[in-house]
């Protein structure tokens, strides 16, 4: 039998190990963030948010150049992707957790996880075959579909897990007072699980927001704002991760710092989305 | 979460409406006049093409927008075949098979028009040694085969008698991603060595006998700069603009050629076939830099057969841009780290443009005639 | 937990409403029917998507699969797009399995530790900061991590970790050298470390979800028995959260298998076996992203798609195994089905 002292020491050791692990995980992130900010901050100026990219010669000759079209394109493509992915992901998550005896559930779970393991570039290929080929042109819509493919498996899995964590007794209470099942799920279980639902959706969104590969053959990229506002959906659109990549591999140091600045903007964008979502869900108390 | 979406969507639409509305300051009539030209392909020439596009957009006062995205030579060829782009771009010319397929499918040829030149230089990181180490083709083959493993090897010092080479292990770095740069580099090694041709060959990616693979120009540059004793290869523009040490190469005529735009242009100043489908690595040109090749613009002879081009006006604007890019557009080259096309290549391209058709009508010739007319008549102000 | 009281309030409101005017039977029956159909259709669309993915990859890769045969393709060790035009997937298959499993093993315990720390130990403000930072890891673009890896992490690991181990092995255990491989900094080890960082958010998020859902009574019961804080977690909380932890691990593994850009930039990209710990290697996604853009030969392109198809099969097998294990080991938390 261990003494109380031994048990308390063990308790302390475990606590320090937990703190240490957290630091070990967060340290690289902090280093990366500092690296990104140090390299990119110099390129963040008014022009960056108001001008179109044009070409490297603009940067080399000191003419104004920026990424306004990229930032807007990212907003459109990412939110449209979220809009497409959330119903499917939530639906699948509800199916897995609220209809646990459904015959297709094991298949759905395995297929979903398999889809999650496919490299994003292949999801872009799928969107190319399903959207770009029939439409005959690259488009923001196709890019959003490709990103939705990235989000869906993550949202489905996290939704299942969040709903499962709500005690079954809550559902029984709802059913007992005569509520139909769908009302129980939509107005009792889901609000109770909203913290988990939002966390899952945010991770999926964050993951998709940083992907460049699936956009290469779908939203394609653009050096300017489209001529028409529908061009954001139906024509080639620029997005931050993809632009970041092409800026980073170019030979020009101006473009390198613009690439890092694009990374800053992308991360700030994701942080703002996190904050907004958390704020909105907290308000409901 | 569920409640926030309509609000966000509304905000988004508002942002869009404002930004795009603000952009379209020109009257509606003018906007309908606008033409978007879509092209895609090789990564290496992308900075030059986008710069040309930008300049051209200014020249036409925002009327013609050329959107070029670098999706790789393979991607460029495939999108060209899929007809999702108006022109493709590639650092490898179309194979006979593809040329035949296009001819069967569209009733016209596929043209490979040289648009600029790609040049590749050996880059290295040896303490105390700057740019200018001399390499021969055979020496590079031995290094990239893994036969030479130290910098003070006799084969290196015999070409560089004045350089004090350290006794340092030599690490080979190559591109891991398929790239036109690798294509040009391995094509040169294949030309100078039968052993290389039979064992490794040349392509956009090959089965490397040794070394580590860096992803992209910056991957190779990063690995070379961070590894003492590394040797790799980069596009000349990348090496020049990122202060990497690069070597000179002995060409087929036996001259030591220091990489330069002029030497690259000179390399292509040779007898060209009419379709310009030729690799001129290890060029016979006496003062040409031996590790260089064309980047080609891919275009259908029958422009109407390309589903990406929807009307005659678009076809005409596309040709206008082509003509401009191989003539006046070349002025942008040096600023961006590119070599200019030699006269011989421009002439071949003009020949091809002459044959471009829209529903059988020779609109390429028409455009050339109009431009000649323009150049003899004084142009409207702001046009050039 | 706050959410519990929240929902019971909600329930009270509903109940009051119901007492006033109970919903008609048809409304309940039809509503549930529609709900079930909509949910199942949405769920099925994921299965359809996966099937479409498999079909597209098979279709595009069939040229190569027919030429080499599926088994010979995944057993083949030569990848030569230039001279022989022979394509075999074994090196990449090996690289994918080794890096993703190793990354999962490395990240598993720290990821759970972060979840426990934020859920049980950290004050609220600190927990929410850490939560957001962890999720931010998921948002850092692969390319950014890749470039940072090339210029910062890989040289640092070479000088401070790989080289010391290598020189130690050189003098003490020369037999280890071929297993360790060339300590250039760009190789399997660096790629695995970066991967393990990138998959942390998934395990952490789902674990934390599961921990938070453990009923208060459960903790109180063990507390009352005199357990220390850690003992409560160890004996009352973690067993209960097993389902969530496993789901998180599976999600992480999926991400590790599919991660492309950062791996391609750091793994050194060597297309021939044998791989070594520090030396260069390659994975299935890395070879696809490396060569897809520039593949000109149709057999080459088809082989890359065949790699994608093989990857689909591998992911399917791994997930089937994981599903089997989940069913065997997890008690469905709190579910009375």
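To keep things simple, chains are lettered A, B and C as they appear, and every chain counts its residues starting from 1.
Please note the rule applied: a contact is a pair of C-beta atoms (placed from the backbone, for glycine too) under 8 Å apart; a residue touches a chain by one contact, two chains touch by 3 or more.
Computed from a predicted model, the values in this text were never measured in an experiment.
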Hey, how would you classify the chain contact layout here, line, ring, star, complete or other?
complete
Of all chain pairs, which one counts the most C-beta contacts?
A-C
When the C-alpha atoms of chain A and chain B are each averaged to a single point, how far apart are the two points in Å?
34
Rounded to the nearest whole Å, what is the centre-to-centre distance of chain B and chain C, using the mean of the C-alpha atoms as each centre?
38
Note: chain C sits from chain A at a C-alpha centroid distance in Å of 15
Spell out, as numbers or ranges, the residues of chain B touching 2 or more other chains.
43, 71, 75, 216, 218
Among the residues of chain A, which are close enough to touch at least two other chains?
194, 216, 248
Numbers and ranges of chain C residues touching at least 2 other chains:
147, 261, 289, 292-293
Inside the complex, what are the residues of chain B that reach chain A?
1, 3-5, 8-9, 12, 15-17, 19-21, 23-24, 31, 34, 36, 38, 40, 43, 46-47, 50-55, 57, 65, 67-71, 75, 82, 84, 216-218, 235, 237-238, 240-242, 307-308, 332, 335-337
Which chain C residues qualify as touching chain A in the complex?
2-4, 6-8, 10-11, 14-15, 18, 22-23, 27-28, 31-32, 34-36, 38-47, 49-53, 56-57, 60, 109-111, 113-114, 116-118, 121, 128, 130-145, 147-148, 152-153, 197, 200-202, 205-206, 208-210, 212-213, 215, 228-231, 243-244, 247-248, 250-251, 253-255, 257-261, 284-285, 288-289, 292-293, 308, 311-312, 315-316, 318-320, 322-323, 332-337
Within their complex, state which residues of chain A touch chain B.
54-58, 60-61, 68, 72, 75-76, 79, 83, 86, 132-133, 136-138, 194, 197-198, 201, 216-217, 220-229, 232, 235-236, 246, 248-253, 276-277, 280-281
Of all residues in chain B, those that touch chain C in their complex
43, 71-75, 77-78, 90, 92, 95, 171, 176-180, 183, 186, 197-208, 212-216, 218-219, 222-223, 226-227
Can you check the complex and tell me which residues of chain A touch chain C?
7-8, 10-11, 14-15, 17-19, 21-22, 24-26, 28-29, 31-32, 35-36, 87-88, 90-92, 94-96, 98-102, 104, 106-123, 125-126, 129-130, 149, 152-154, 156-158, 160-162, 164-168, 170, 173-174, 177-183, 185, 187-188, 191-196, 199-200, 202-203, 206-207, 209-213, 216, 241, 244-245, 248, 263, 266-267, 270-271, 274-275, 278, 285
